[in-house]
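Labels A, B, C and D are assigned to the chains in the order they are written; within every chain, residues are numbered from 1.
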Amino acid sequence: MFFASDNGGPAAPEVMDAMMRANEGTAMPYGADPIMDRARAQIREVFQAPEAEVYLVATGTAANSLALATLVQPWQTIYCHRHAHIEADECGAPEFYTGGSKLTLIDGADGKMPAAALETAISETGAVGVHGVQKGALSITNATESGTVYSPAEVAELSGIAKVHSVPTHMDGARFANALVRLGCTPAELTWKAGVDILSFGGTKNGLLGVEAVILFNPDHAWEFELRRKRGGHLFSKHRFLSAQMEAYLTDGLWLDLARKANAAADRLAAGILQIPGASLMHPVEANAVFASWPRKGHRAAQGAGAKYYHWPFDQSLEGPDDEIISARLVCNWATSDADIDQFLQLISD
Amino acid sequence: MFFASDNGGPAAPEVMDAMMRANEGTAMPYGADPIMDRARAQIREVFQAPEAEVYLVATGTAANSLALATLVQPWQTIYCHRHAHIEADECGAPEFYTGGSKLTLIDGADGKMPAAALETAISETGAVGVHGVQKGALSITNATESGTVYSPAEVAELSGIAKVHSVPTHMDGARFANALVRLGCTPAELTWKAGVDILSFGGTKNGLLGVEAVILFNPDHAWEFELRRKRGGHLFSKHRFLSAQMEAYLTDGLWLDLARKANAAADRLAAGILQIPGASLMHPVEANAVFASWPRKGHRAAQGAGAKYYHWPFDQSLEGPDDEIISARLVCNWATSDADIDQFLQLISD
Amino acid sequence: MFFASDNGGPAAPEVMDAMMRANEGTAMPYGADPIMDRARAQIREVFQAPEAEVYLVATGTAANSLALATLVQPWQTIYCHRHAHIEADECGAPEFYTGGSKLTLIDGADGKMPAAALETAISETGAVGVHGVQKGALSITNATESGTVYSPAEVAELSGIAKVHSVPTHMDGARFANALVRLGCTPAELTWKAGVDILSFGGTKNGLLGVEAVILFNPDHAWEFELRRKRGGHLFSKHRFLSAQMEAYLTDGLWLDLARKANAAADRLAAGILQIPGASLMHPVEANAVFASWPRKGHRAAQGAGAKYYHWPFDQSLEGPDDEIISARLVCNWATSDADIDQFLQLISD
Amino acid sequence: MFFASDNGGPAAPEVMDAMMRANEGTAMPYGADPIMDRARAQIREVFQAPEAEVYLVATGTAANSLALATLVQPWQTIYCHRHAHIEADECGAPEFYTGGSKLTLIDGADGKMPAAALETAISETGAVGVHGVQKGALSITNATESGTVYSPAEVAELSGIAKVHSVPTHMDGARFANALVRLGCTPAELTWKAGVDILSFGGTKNGLLGVEAVILFNPDHAWEFELRRKRGGHLFSKHRFLSAQMEAYLTDGLWLDLARKANAAADRLAAGILQIPGASLMHPVEANAVFASWPRKGHRAAQGAGAKYYHWPFDQSLEGPDDEIISARLVCNWATSDADIDQFLQLISD
């Protein structure tokens, strides 16, 4: 009963097999391995983007920060949701990698930026000329930190507003696969066709050991990105072990299958929770996370039996009246079993 | 016949097995996995340093840069050999992580800093008060970039000079194991007993997929290091896959066995090269790298047969008189076979 | 009729005289001039702070940024009002000087941070441990950007909240004199006795050519500050010309007289505006700035006659119905004459 | 007898007069004052550069660092002489402003970079691809830190080498006027006609209170420079006091007259020193500084009588045999009097 995060789950067997195969013999380091050539070709095909440049790193924070640093100058600001990972969960990595850019925080329900709020934020930037920071980049998280998704049309609306102001668009796709399979669109439709310039294409939360691809749909800044990656200590010498993960991920649609499993687990979990008297969802369940509330006694029972998850917000206590409602974040991964879910539901329902 | 770098070799089977075992079930992320607890305990025991704090990252550049950033202020300088990896091969990562520290470059034969040169460099720093940068940290690479080693006494002499000036000592131990087994001393003798404050303890070049430990013998700045690691994007969510590598590395002395194999391969290679008329060594062979020179025709033969290695310096051409001497760097790894070496020697000798 | 900013006014004659006197003969550079010794002693006496360290720079942005960089680490956040100069008017200088700290923005009426909002903001910082930025420093602007002031008790309340969390307090006193003379307290009462650790003590807006003192009530980080100042390019070689301004400023209470004149001008202006039908104040007038609203026709008349000031917010147009209310910011300086004010009032009243 | 530095001398009376005149009435801040319009026009005319953009700052360190930051990326290196001010006397300000660029130090006699050494340094940069820093900018100091000058032909040779590698050229002209009047060429000939892209045009050491102009002969990066200046805290609100200095400096050739006076003083000083038995010059005297050696007893006499200057290197002691030779740096400024020089010569000659 592990729902603390999707990064607590295992890597997929197909990925582990690929790691073993990649370990044969010698290979040129730093991305000059033949597996990377194949993985790059796969990504270009999957995204219908033959010109795109593709780089691998091992953490989502590295992917996001390097991507943003390539898009903005230190004296510019990045527009993102107040709860975006780049704002709340990266210890200021974007500020570090960009050389001190600001993040302009936009509020919105269910983890999503309303178009009007983005328009206002961008329009107001630069009103005091040289005295204030300048318009930089837009960063959209999809799926969001609240477990919801932006449709291609919604992405296009936001990136379109940005584009009018010459502001490029980054997508934090740590859970891109989860969003994609929910939406049923193509990778191209959810990214460059919707105005995304750079994608952090997540793998770690969806069955890899630790690989994210950064996809530059416009390769103009590719060499700059490579230098930033190296300078940040994110260029791997034994790169074949990253390449192998990405190749396995994209082979035979494994990445989509894994995401479908995680999403289905979240759906099952949410449906079960809603059967509990007094329970409710805090956000629609559109990816692999469930934000839900139910009576304290259920929390006590589950946690007493070893279930792992976070109260959301954190500071709600197990101490107090049985029937008081406590809210939580529950994240499923590709390996979350029906048995685990059902045991958990049983515990919180009694 | 792959001698381009030790990072082109495979991971050890014991390490791959550990990766597979680590993939069972769920685990708390970000270093809170039980394997990390065991690996930390192993390192403390191996280094006789029960107070040391230990953190894992995946690249040597990350290990070095984060360690140095923890030791120096932006307005201070780092003393290192002119050919140190942190100067020559990290694209300015130390400058990036420290916020713009200088590197004061010290010349010396065989990749080693002479004590007198270090003393002069440190003494001269700060002579113009606030107008110049200040004394920062010493960084010693062991084994060196020239394939030589510093003995515990030599390390102690350098760190002692630094200490007089309140300058702490970092050791870049990307090839620490190779130095250690050559010297036959204990890990403690080569590090904290010789005045080293922080060690980048390499694993990637010696049989891991990609893990380096940063060992803070003085844990005062441990929390700062953790924040810097996260902010740099080097804190892994599925951390157990780093932990597992390190645990396997230290179990039953695997790390020492692997280093012995690589060193022995270099010895065999060097001995064979010296049989060639006109051949010579550029540096003593004290770790797993051979810097040697031999006639051009031997280079042509070897490279024609697919041997991989770098001319050293790079800009020497295969075009020219047969008997002209060309120099090269040849790096062995734990898996370099005698057969490969002998084939190579045969080719360059004919 | 210049109300665009207090930085558009002239320097006081006493200050210009001091500049002329300082130009005699030679002087040791970089703050080693005897005038600086006297100015430092004056500040220590005025602030009843014999241990304080005092440094001069030439711009408020330099003073604030260097002070904050001395107080916070790159991975920490600075708490300030959303309209603080450090957030809105310094093009990200705090982020640049700190190496990428965040600014946590606090909303509040009349440019002032409510204590409860500060408490919430600080308490929430660090809830996600290493994943989020850490508690850094509090920055209070006094007088505020809205022309209001914090009393010593209000400052003490805010700094007290901060102190509970080990968060030090910076005061942006670009208009410190204006606040002080309004409050009628001592400099010590408004600063270190109220918990302020570092003060940006403004002079430029109050009759100097361009000098701000940074006063470190706790001198522990004095040498770090000196290095940061030099490294930022803010250590003046012909420093005597900064020293001379500060000495003149503090001699015979000139600084207080100048501030009283500016405040009195603002009072006169505000009182006059309130006589206009439909006019109102946006904020209480507690320093030398008036934020007021009156009918558009008055704006047209004044600007047609050459009056200089900013609509507040900027985007209000002179085009439109005569009687529509337009708001503005009017800033007085020590040299603003009654004649100018009365002419202006006449124009906007007709 | 003040020869410690040219920054210890007074400002020229014409400049002080201009400051007084500039203090009349109100003026728009931040460079929007009419005096700046005139000063900019003067510079464009003096340099025959009608397209150039011109910005004022108050320190040489600010001018150099902002100029270099505009020319290089953080992962690039700056080529300069080992004794350049940007390397030795700015506490790492270039590293701070550029975000961590390296400085590649070039040795050469008399403070000048030999063309061949520059060619080698640039050619070697980037040999290891993404692993090493990249080619950035060339910075030439003229007059040099050793009191010598580069001719237009020498500047053109260096900048030409750089240009072949797409490396732009910065000139640190803290003593530009001193070089120019010695060479007898035009400002254009010594700068853009010789391949200089950005000039730090010094005033502070040559009779101003504290103003340096940054001249961008290619205005493409002008807006970036403005943002960097503001973000660095170097945009002055009461900018008219900088403008006024620069206008006075350029009016009626004042700047050239002041430099001629300082150079003539250095010539007189050098000629006198060479009359002393055992005395010699360390470098040719081509600007306003004299690097010379003479017996210790003369140093004792001069310093005993209050003469101010630095031993060069610093660590030579007044204690020791009378006839031992001690070397020194003596810097003249526009106000250095013949009487002072002659008194000094008398003291060191006896």
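To be clear about the criterion, a residue touches a chain if its C-beta (ideal position, glycine included) is under 8 Å from a C-beta of that chain, and two chains touch if they have at least 3 such contacts.
Please read all numbers here as calculations on a predicted model, not as lab measurements.
K.L.:
Specify the chain most distant from chain D by Cα centroid.
P.N.:
A
K.L.:
Between B-C and A-C, name the chain pair that shares the greater number of C-beta pairs in contact.
P.N.:
If we tally the C-beta pairs in contact for B-C and A-C, the bigger total goes to A-C.
K.L.:
Report, in whole Å, the distance between the mean C-alpha point of chain B and the mean C-alpha point of chain C.
P.N.:
Roughly 51 Å separates the two chain centres.
K.L.:
Chain A to chain B: how many Å between their CA centres?
P.N.:
34
K.L.:
Measure off the straight-line distance from the CA centroid of chain A to the CA centroid of chain C, and report it in whole Å.
P.N.:
Between these chains, centre-to-centre, one finds 42 Å.
K.L.:
Can you pull out the residues of chain C that are in contact with at least two other chains?
P.N.:
Answer for chain C, listing residues that touch two or more other chains: 74-75, 90-92, 96, 99, 130-131, 227, 230-231, 235.
K.L.:
Residue numbers of chain B touching chain D in their complex, please.
P.N.:
By the definition above, chain B touches chain D via 74-75, 88-92, 95-96, 98-103, 127-128, 130-133, 314-315.
K.L.:
Considering the complex alone, what residue numbers of chain D touch chain A?
P.N.:
Against chain A, chain D makes touches at 30, 73-75, 99, 130-131, 134, 224, 226-228, 230-231, 235.
K.L.:
Could you pull out which chain A residues touch chain B in their complex?
P.N.:
Answer in residue numbers: 2, 4-5, 7-11, 16, 19-20, 23-29, 57-63, 65-66, 90-93, 96-97, 204-205, 209-210, 227, 230-238, 241, 308, 335.
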